[in-house]
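In the two assemblies presented below, chain A is common to both, partnered first by chain B and then by chain C.
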Partner chain A sequence: MNQVLLIFLPVLFALFVPLLYKTFSRIHTGWFVLLVPLTLAIYYARFIPNITEGPYTSTFYWVKSLDLSVTSYLDGLSLLFSLLITIIGSLVVLYSIFYLDRKKEQLHNFYFYLLMFMTAMLGVVQSDHLISLYLFWELTSISSFLLIGYWYNRDRSRFGALKSMMITVFGGLMMLGGFLLLAQAGGSYSIRELIANGSVIADSPYFIWMIVLILLGAFTKSAQFPFYIWLPDAMEAPTPVSAYLHSATMVKAGIYLVARLTPLFAVSEYWIWLVVLSGLITLFWGSFFSVKQTDLKGILAFSTVSQLGMIMAMLGAAGIAFHVESPQKTIFAFAAYAAIFHLVNHATFKGSLFMVAGIVDHETGTRDIRKLGGLMSLMPISFTIAAIGSLAMAGLPPFNGFLSKELFLTSMLSLKEFSLFNFSTWGPILPWVAFVASIFTFVYCLYFLYYTFMGKGNTSKLPKKPHEAPIGMLISPIILASLVVAIFFIPNVIGKYFIKPAVLAMQPQLYETIDDIPIHVQAWHGWTTELQMTIGIVVIGFLLFITLKKWQPIYRFVSEKWSLNGLYNRLMRFADVDSQKLSNLYMTGSMRHYLMYMFAFMVVAVISTLFMSNGFNYSTANTAEVGIFEIATLIVMIIGTLTVLIARTRLTAIIALGAVGYSVALFFIIFNAPDLALTQLVIETVSVALFLLAFYHLPKMSRHEERMPFKINNFLIALGVGVMVTLVALSAQSQKLLPSISQYYKDTVYTKAGGGNIVNVILVDYRGFDTLFEITVLAIAGMAILGMIKLRRPKKEKKTHETK
Partner chain B sequence: MKLNNVILKTTTQVVFFMIFLFSIHIFFAGHFSPGGGFVGGLLTASALVLLLLTYDLKTVQQLLPINYTTMTAIGLLLSLGTAATSAFLGDAFFKHYFDHFTLPLFGDTELHTAMLFDLGVYLVVVGVTMIIIQSIGGDE
Partner chain C sequence: MEVVMSFAIGFLFMAAVYLILSKSILRIIIGTGLLSHGAHLLILTMGGLGGEAPPVLADGVTNMADPLPQALILTAIVISFGVTAFFLVLAYRAYQELGTDNLDEIRRILADDD
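Moving on, here comes the complex of A and B:
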């Protein structure tokens, strides 16, 4: 139980953050917040030694009758992610304490959102129930939206926040559809049970739909081509957020989902093709366009896109292991391990790079790479960290990126060997795509490093006089950078405790224990194709970097208008402006028009239903005799109605309408319904009084109302409503399809309901629900009228608002 | 609307109390003979409307300083609360309870939780009618 409740620890703590911010305003709120991820990191670290004995589950029943629960499910994969979330989270919070000024920033907002995100993300990676996974998934989108828009008075921040939310929530909704299909086919919402039930699901006619919809969710979240466009705009967020959400954790939620569902979907060729292709395209696209960027964080954003694509491609390749015989002994075993390994490495080096970008921004006042340069001597520690990070990203030894890059090349080369699903035709091209993309990766790593810290920069022209960052800000990136180096030397320790348990969770069909996974990572693995490719990448990449100035202008040929961003903007404008145009066509603001729509629709709907279902019927079998009283009252009613029609002033019309109402009350008396008669009488009185009051405010009858087309229009609608009501009343009277319920009321009113007046007992007891809702509606209407009249703006104020 | 009509004022002073007392009677009579919370509420409201028509809004508000918004809210809560009580007692939502008691002055009387529900209806009806009339009538 504790395990599942700890997911909610951050968000519960968040409730106290505003309080802490106000009470201890002299201590940076971040210090308190830091305790949360630290506690959780220690808690999750305790699982590491014996995670393979798990999985550890713990359930919190939310709505038991609907089978809704939050189940925390800790196996190798979710533990690895939980550790990433909490450890990187701690480092980011520590970094943010020095990055965000205590006095200038709204820290309570910032940390509230950040803690909310932490809960959401832990929920995503630990949920076993599809619906709670979905809820947490959307909560990550929402907290990301809030964090990107943290500096909400900047236009770009709001734009970026909205863009990220639009795209990720679109994906989330698609994913929900996929989840529902999945649960329908598999008969359960539990991922574990679904995986155990995999063969049934694979036979479902909707199998391909599930794959497409769920992948849409994963691809939008993990910024895959063509949905990646939100990530560069998300860089408007404060740098700690970019380092945390938009490189290390949230964007990996899609990766997690793909990894988690691999045992379920990898049987499908579509899954493998979609994941591999989108991964490779994203890898290439991201790395190619990264060189175009001039904003430091922009470069890192595109590089994140590209690296995510790389991990995605490996996950796709990992699916192949389900289609070959004894994959443990072949080259196909590597992809899963490589994907998880690179995911960890990416979190370390990209986290440190983002933090350095933040430091540069913080200490120089700009992130524009065209203005920067030559910071190496001024900021030696930051430079060292940046060098480690970018060389690791480029895939050079002695950094962890080298190892996972080699494994990546191995798994891409494995695609060549695979012969099913048309891979024999297209497979050989894929390693080449990976090769070219890696060259560009190498180029942008150098580009980032060289133009920020080396080269000829004019440091005097920078907005601030640059100097080394305070030590507090350096701690987190230093820790991450040391990990980058450390992992290179102890890859198999990391492999044993972190990577292999995760691979086991991802490919449970292949391995019994972690010792069955036959991978031993070595820095020197012989004169292999992978190594030759790496040398090729370095040589060509270096040549391209030297000639960068000569070929960079090709990016100008990419038209902004037809880019994906242009497409997004036009789509948004269409949704905003054009849909407003459309609704303005009928939402005129005139009450008269709305009433016309309603009545006309009602007439058409009711009369057509009546005749299409052959419901109209007329018989005089059950009618009573018509007496003199009825005829007299009827005549009064008709005269009253006609008076309303021909009345020249409103006052006459209102009084005539009152006469009609009172005659109806007379009818009730004739038909022995004292309750109804009483009510009708009082209502008539009150509403005539109301009319008279409102009458005072009505505008004079206009000439418009005397025009013939207007009158005919209204006449037709009124006639239609009248005919409709008459037809329905006659049909209802002429045919009784069900026996009347009156006898039941008569039998039970005294014995069971303890009353004598059936009408009133119906109101308060038999059909009390109706009354309850009626008075609720009445109260809402009262509030609406109150609001409309009392709270409206004075006319002058309204005008000034509009001109703004 | 400021009227100064002596006959209307004099009659209103008597008729208002008659209508009001009658509305209370109608409300209580509801369960066994014609009447109930809805009609009772409307009758009370009409008595108040009569006051409003005779005197102006300000005078009536000084005479009866009632916040009708609060009244509506209380009524709604009372109805919902009565309906929900049974759910908390383990019965179905909206189950009513009643029994006969011998009370001084009244003799054998049936007490019924439906009456509480009806009281809520009464309050909402009076409250909303008066909100509408006051806000439209009081608007310049």
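Moving on, here comes the complex of A and C:
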């Protein structure tokens, strides 16, 4: 129980943040907030040694009758993500304490959103129930929206926030659809049970739809091509947020989902192809366009896009292991390990790079790479961290990025060995895509590093005089940078405690224990293809970097208008402006038009229902005879109605209406309803008197008016309604589907209610409440009438109206 | 008789809807009046018109009119009266304040006010 409640610890703590902010205004609120991720990190760290004995579960039902629960499900994969969330979270909060000014910023808002995100993200990676996973998923989108829009008075922030929300929530909704199909096919909402039930789900006719819909969710969240466009605009968020949400955790939710569902969907070739291809395209696209950026965080955003694509591609390749015999002994075992390993490495080096970008921004006042340069001597520590981070990202030793980059190349090379699903035809191209993308990765890493810290920048022109950041701001990136180096030297320790348990959770069908996973990572693994590729990447990448100024103009050929961003903008404008135009076409504001729609719809709905339920069986059996009185009354009524329609004056119309009313009363007499007749006579008399009072004896009212002009549209709709009512009346008369309950009243009216006049007894006894409410309605109408007559518009307002 | 009544009711509804779709408030109110007349007769017809005596317990009466539609109509008559009275006063006051009983003109005046 504690385990599941701890997911909610951050958001519960968040409730006290505004209070702490107000009470201890002299202490930076971040110091209190820091306790939360630290506590959680320690709590989750306790699971590390024994995680393979798990999974550890803990359930909390929020709607037990609907089987809606939040289940915390901790296995290797969830634990790894939970640790990432809490550890990077602690470092980011620590960093933010120095990044965000206590006096200038609205810290209570910032930390509230951040803690809300923490709960949401922990919920995503630990939920076993699909619905709670979805809810937490959307909560991450919402908290991301709030954090991107934290500086809400800036246009760009609001634009970026909305864009990320639009795209990720669209994906989330698609994913929900996929989840519902999945739960329908598998008969459960629990991911564990669904995976155990995998073969049934694979036979479902909607299998491909589940894959597409769920991948839409994962791809939008993890900024895959072509949905990545929200991520660069999300860089308007404060830098701690970019480091935390938009590189280390939230954007990896999609990765998590793909990894989590791999055992379920990897049997499908579509899954493997979709994930591998989208990953590789994203990898190439992101790295290629990263070199175009001039904003430091823009470069990092595109590089994040590219790296996410790389992890995604590896996860796709990991699915192949389900299709070969004894994959443990082959090259196919590498991809899953490589994906998880790179995910951890990316969190470390990208986190540190973002923090350095934030430091540069903070100390120089700009993030524009065209203005920066030559900061190396002024900010030596920041430079060292940036160098470690960039070179790790470029895939050079002695940094962790080198190891996972080699594994990445291994897993991409494995694709050409795979013979199923057309991989023998297309597979050999894929390593080349990876190769080219890696070259651009190398280029943008140098680009980022060189033009910020080296080169001949004019530091005196910067908005602020640059100097090294305060030590507090440097602690977090230093810790991350040390990890980058440390992981290079102890990859197998990390592998044993973190990576292998996660791989075990991702490919449970393949391995019994973590010792079965045959991977032992080494920096030097012989003169292999991978190493040759790395050398090629470095050489070509270096040449491209030196000639950067010569070929950079090719980016000008990329038209903004036809880019994905242009498409998004046009789509939003379409949704905004054109949909309003469309609705203005029919939402005219005129009550008559709305009534016309309603009547027309009613006619269509009722008549088509009559058709479909075979309501046109008319019989004239059991009908009453037609008598002379009836016909006479009918003629009076019809003449009265016609007179109303063609009356020239109001008086005529009112009197004709009265005639219709009295003829209705006559009908009541003829059809043996004396009570109705009495009521009708009284009411009709009063009504006519009221009509005359209101409209005839009003002094200012003109007594003469034109005959009503004939309108064909109105007539057609009226005719339709008339026909419909006639059909319904005929149908109701001819077909008695259920026996009338009137007999009950006839039988019991004397014995139970002690009365003889059945209608009266029904009104005051059987349906007494009905009558009570009827009287209430009358009372309300009476009060409203009184109010309208007594209340007058204030004189003042009337005057302004008149002056207009 | 029911068949004849069905057509008469359809005619009443047609006239009522045509009036309701007009611009003048008075015609709309007259239209609602006709509509309720039509609805009352419709309920009565649906229950069957073949009764030979009022629905009052009496010796020797075997084929009395259906009491249930009558009870429903009785409620409906009173309610429709309340609604009509309310409409009338509303229209009267609107005319006093705005000087017209044409819906389009009322909309224009209110739009100018904003």
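Assorted remarks:
One rule holds for everything that comes next: the second predicted complex is superposed on the first by the 589 of 804 C-alpha atoms of A that agree within 3 Å, B and C clash if a C-alpha of one lies under 4 Å from a C-alpha of the other, contacts with A are read in each partner's own complex, and residues count from 1 in each chain.
One rule holds for everything that comes next: contacts are C-beta pairs under 8 Å (C-beta built on N, C-alpha and C of every residue); 3 or more make two chains touch, one makes a residue touch a chain.
Keep in mind that what you see is a predicted model, and the values were worked out from it rather than measured.
Applying the stated contact rule after C-alpha superposition, one finds that A:617 touches neither chain B nor chain C.
After overlaying the two complexes on the shared chain, residue contacts for A:630 are found with chain C alone; chain B is out of touch. By the document's definition of touching, of the two partners only chain C reaches A:718; chain B does not.
By the touch criterion defined above, A:757 reaches both chain B and chain C. In the superposed pair of complexes, A:689 makes contact with chain B only, with no contact to chain C. Partner contacting the larger number of chain A residues, of chain B and chain C: C. By the touch criterion defined above, A:39 reaches neither chain B nor chain C. Look at A:769: by the touch rule set out above, it reaches chain B but stays clear of chain C. When the two complexes are overlaid on their common chain A, residue A:785 makes contact with chain B and with chain C alike.
In the superposition on chain A, A:674 makes contact with both chain B and chain C.
Once the two complexes are overlaid on chain A, the chain A residues touched by chain B in the first and by chain C in the second are 674-675, 679, 683, 686, 690, 694, 756-757, 759, 763, 771, 778, 781-782, 785, 789.
Those residues of chain A that touch chain B in the complex are listed here as 674-675, 678-679, 682-683, 685-686, 689-690, 693-694, 696-697, 753-757, 759-761, 763-765, 768-769, 771-772, 775-776, 778-779, 781-783, 785-786, 789-790. Against chain A, in their complex, chain B makes its touches with residues 1, 26, 30-39, 42-43, 45-46, 49, 53, 69, 72-73, 75-76, 79-80, 83, 94, 96, 98, 110, 112, 114, 117-118, 120-121, 124-125, 127-129, 131-133, 135-137, 139. Every residue of chain C that touches chain A in the complex is listed here, in rising order: 1-24, 26-27, 29-30, 33-34, 37-38, 40-42, 44-58, 64-68, 70-71, 73-75, 77-79, 81-86, 88-93, 95, 97, 99, 103-104, 107, 112-113.
Taken in their complex, chain A has these residues touching chain C: 589-592, 595-596, 599, 620, 622-627, 630-631, 634, 637-638, 641-642, 644-645, 650, 653-654, 657, 660-661, 664, 667-668, 671-676, 679-680, 683, 686-687, 690-691, 694-695, 698, 700-701, 705, 708, 711, 714-715, 717-719, 721-726, 728-730, 732-733, 740-742, 745-746, 749-750, 756-759, 762-763, 767, 770-771, 774, 777-778, 781-782, 784-785, 788-789, 793, 801, 804.
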